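First the structure, which I've put down as structure tokens, then a few questions once you've had a look.
For clarity, chains are labelled A, B and C in written order, and residue numbers in each chain start from 1.
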Amino acid sequence: MSVLLEVADVNVHFGGVRAVDGIDFDLETGCLYGLVGPNGSGKSTLLGALSRMTNLTSGRLVFAGEEYQTYSPAKTARMGIGRTFQAVRLIPGLSVLENVMLGGDARTAGVGIFANWLLPWRTRNCERSCREGAMEAIERLELTGLEKRTAGMLPYGTQRRVEIARALAAKPDLLLFDEPTAGMNREERDEVGEVMRSLRGQGLTQVLVEHDMQMITEVCDYVFVMNFGKVIAQGDPEAVVADPLVQEAYLGKRGSKNATA
Amino acid sequence: MEQVVNAIVLGSCYCLFAIGLSLTWGTLNVLNLAHGAVFMFSAFTCYLLTQHLDLAIPLPWLILIAMAVGAAMELALDLLVFRPIRKRSKTLADAELSMLIASIGAAAIPVTIAQKVTIDSPFTVTAKPINTTEYHIGSVYITNIEILIVVFTLVLTVGLAIWLQRSNSGRALRALSFDAETGGLMGISQGRMSALVLVLSGMTAGAAGVFLAVFLDSLTPESGSDLLLAAFAAVVIGGVGSVWGTLIGAFILAAGETLVSATTSGTWTQAVSFGLIIVVLLLRPSGLFSRVNVNRT
Amino acid sequence: MNAWYSAHVVLFQTTAIYAVLALSFQVVLRSGVFSFASVGFFGIGAYVSANLAKHGVSGVLSMIIVFVGSAIFGYALSLPLVRLRGLYLGMVTFAFDQILIVVANNGGTYTGGPVGLFGIPFDVSTLELFIVAAICLLLVSQLERRSIGRSISVLRVDEQLARSMGVEVNRQRNFIFALSAALGGLAGVLNTFNFSTIAPGGFGFDLIVAGLTMAVVGGIGSWLGAVIGALIVVWFPQVFTFVGSYKAIVYGVLVILVVAYEPGGVLGLLQRGVRAIAALIEKRSSGGAEVPVEEKKVVPSVPPPATTPQKGVTA
């Protein structure tokens, strides 16, 4: 297996707070990684760093042999690193199809603004392939039939699926999910999990930040556990869950809160 | 020395005017471009009373009347314009843009009325009987009106700063400026606070209107938008939402303008405000005197 | 018809000029860039073209010079300004308009001081005016479709999302600012050549109000809104003559009503109407069968209480 993303000694400090503190790992092509940890452990900040939304204090990021820690977030996206956000962030006034096509633009967006005036035929071709890609993603997330609906009017779970479709439409090589199933019910979660598994089958590398341990164990190949900005455990999901260090991080001194199951 | 007195008086007027702008921006996220129109219209009302109706109104009463007019106008602005927009906007950025645009629309109303009545010419406010007394302190001449302007401004500014720091409503306001949502959760009514801030800013704008009309002898219906430029500079130098900063910013600006008008023909004074705005915003976007780094994104 | 047209030709000309100015406003507002610089560039275009005309430069050439020049100047201006967001940008561009009036008042023979310049030769025909306006509409309308259209709409709503979708936000904003500047400048040129006069009062606060009224009341969502806005602003005082010189008050009230209650403007209102009629027709033709398939109530896009029950780690 080849290494797709290399994270080397990445630090993100906010003032004195070490939100991400010396993270080091490699992600291999075609694997589905889980990233877990208690609230405030630095998962989302790390995801932000990987997608270049958050500036690194120090460290190196290498994607497919290309060092990109100085790239803009937009360039990172165009390079093939897609991401979703914790909160639903659709453009409420646009239709589902348009929202998903927004993702399809990610590889070409902003390239040649003047092309819209000078080379309309070229943008027409782009548009066609973008639409096709978007329809594919829509089908995959079982949103067929809703293309023309206004995104803001859809039920919450459906909106989340539109977001995932949008991320897919960008045809990324690496997809970072920031709690994609927050607020979904069990059934919807399982559906999303299945979509991820099938994407993995096609060789897409994914990182899943998630609170739901059941989903992590069912879906992921490999899990990183973060606490206080560091990776405190990693490995096979089953093994990681059983790790006493991980249990302490979750249950810690706060006792048996949330210890259902 | 004469120039120093002029600068201090001018700075006081700027400060009075700019404080309202700074507070509404800092606490409510409203850039109220109608503030200039309120200022102008308060003075204009006094002009109507003294010139057209030929009433002999002593200066203190004129100030009170102008403050009342200003307060009423900004309250109306809040209730009829800002509140509905705030209620219906989906995002903060949407609300900001809508309120900015609406405030320009609102400004058009008093400006047009004043233009119509004065037939586009300058007007002046004369308090009757106006007994100007000149005092000589060393080589400096200063009139009682100038003293009144400076003292009034200083008392008001200091009072406002203390009020913001000490009183419950002041604290609530500052909480609101950090985070409207949390403020709401803490039981702070944004509606009431917003009305309070706008009434305050209307009162100060009204007082500034009378003062400047008396000090400069004449205003035009468009004076409001000229003064906005000066107020922007004062606010930007001092940092948005900071009372002390606005005070200092207003004096820096007034000093700069006085210097320029003393050394050049005088028509370029407004370029000082513009230059200051650009320089400060580019070099130190959070203002020269602000402690908190305001989030500008 | 012909007599009516020649009696109202000035209004047609003004409509074309104002439509270009309205586009200049609409382009920035649609992208969520709070800029009022259009009016300043209007003034620049007006004075520059008047001076060019004095030196015998032809109308078409000075249009091109001003269009390109304003775009370059606007772009240069946007480079430092791009860091400023929201209200700060609104403030600086408003100040920019104000300071240009000061410059115009002090410009000596180039600007004619407070009196302004007059007697500039008429150098565009009404037809040319309409052609120019049409070209501008075409340029702007091309930016409202396809990929670029989507990226601009996301720019206004959610900048961070735009970044994650590969949109170079700052570059896009600079471009929009430059385009708006170019359109504003062009409107100024057209104004000078058509009315053969320009004075500092010609691009003051009143023009900001008029420009905003056109863009906002027409609807900032589309170039069509700018056209509707220009029609309203130019023809309204003509139809309702009783408004007279109080028209600015009517504009003010209109602007407030639109931003508070119908942010889509007249265009948005029309679109809603069309959609409603279309839905009605569809309902008719499907024999009153239920149209909505799974119409659910508007669901707030706020996630339900965020803490999803954690399935404890002890599996």
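Following the convention adopted for this analysis, contacts are C-beta pairs under 8 Å (C-beta built on N, C-alpha and C of every residue); 3 or more make two chains touch, one makes a residue touch a chain.
Only a predicted model underlies this, so the values are computations on that prediction, with no experimental measurement involved.
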| item | value |
| --- | --- |
| Centre-most chain, if every chain is reduced to its averaged C-alpha atoms | C |
| Chain of greatest Cα-centre distance to chain A | B |
| Gap in Å, rounded to a whole number, between the CA centres of chain C and chain A | 37 |
| Chain centre separation (chain B, chain C; CA means) in Å | 29 |
| Length of the line joining the C-alpha centres of chain A and chain B, rounded to whole Å | 48 |
| Set of chain A residues in contact with two or more other chains | 92 |
| Residues of chain C whose C-beta touches two or more other chains | 157 |
| Touch list for chain C against partner chain A, complex | 139, 142-143, 146-148, 150-151, 153-154, 157-158, 160-169, 171-172, 175, 293, 296, 298-304, 306, 308-315 |
| Residues on chain C engaged by chain B in the complex (per definition of touch) | 29, 32, 34, 80, 83-88, 90-92, 94-96, 98-99, 102, 105-106, 156-157, 159, 204-206, 208-209, 212-213, 216, 245-246, 248-249, 251-256, 259-261, 263 |
| Residue ranges of chain A in contact with chain C within the complex | 51, 53, 72-75, 77-78, 82-83, 85, 87-94, 98, 101-103, 105-110, 113, 116-117, 120, 123-124, 126-127, 130, 145, 152-156, 159, 170, 181-183, 211-214, 217, 238, 241-242, 246-247, 250-251, 258-261 |
| Interfacial residue positions of chain B with respect to chain C in the complex | 25, 29, 31, 33, 80-81, 84-85, 88, 91, 93-94, 96-102, 104-109, 111-113, 116, 222, 225-226, 228-229, 232, 236, 267-268, 270-271, 273-274, 277-278, 281-282, 285, 296-297 |
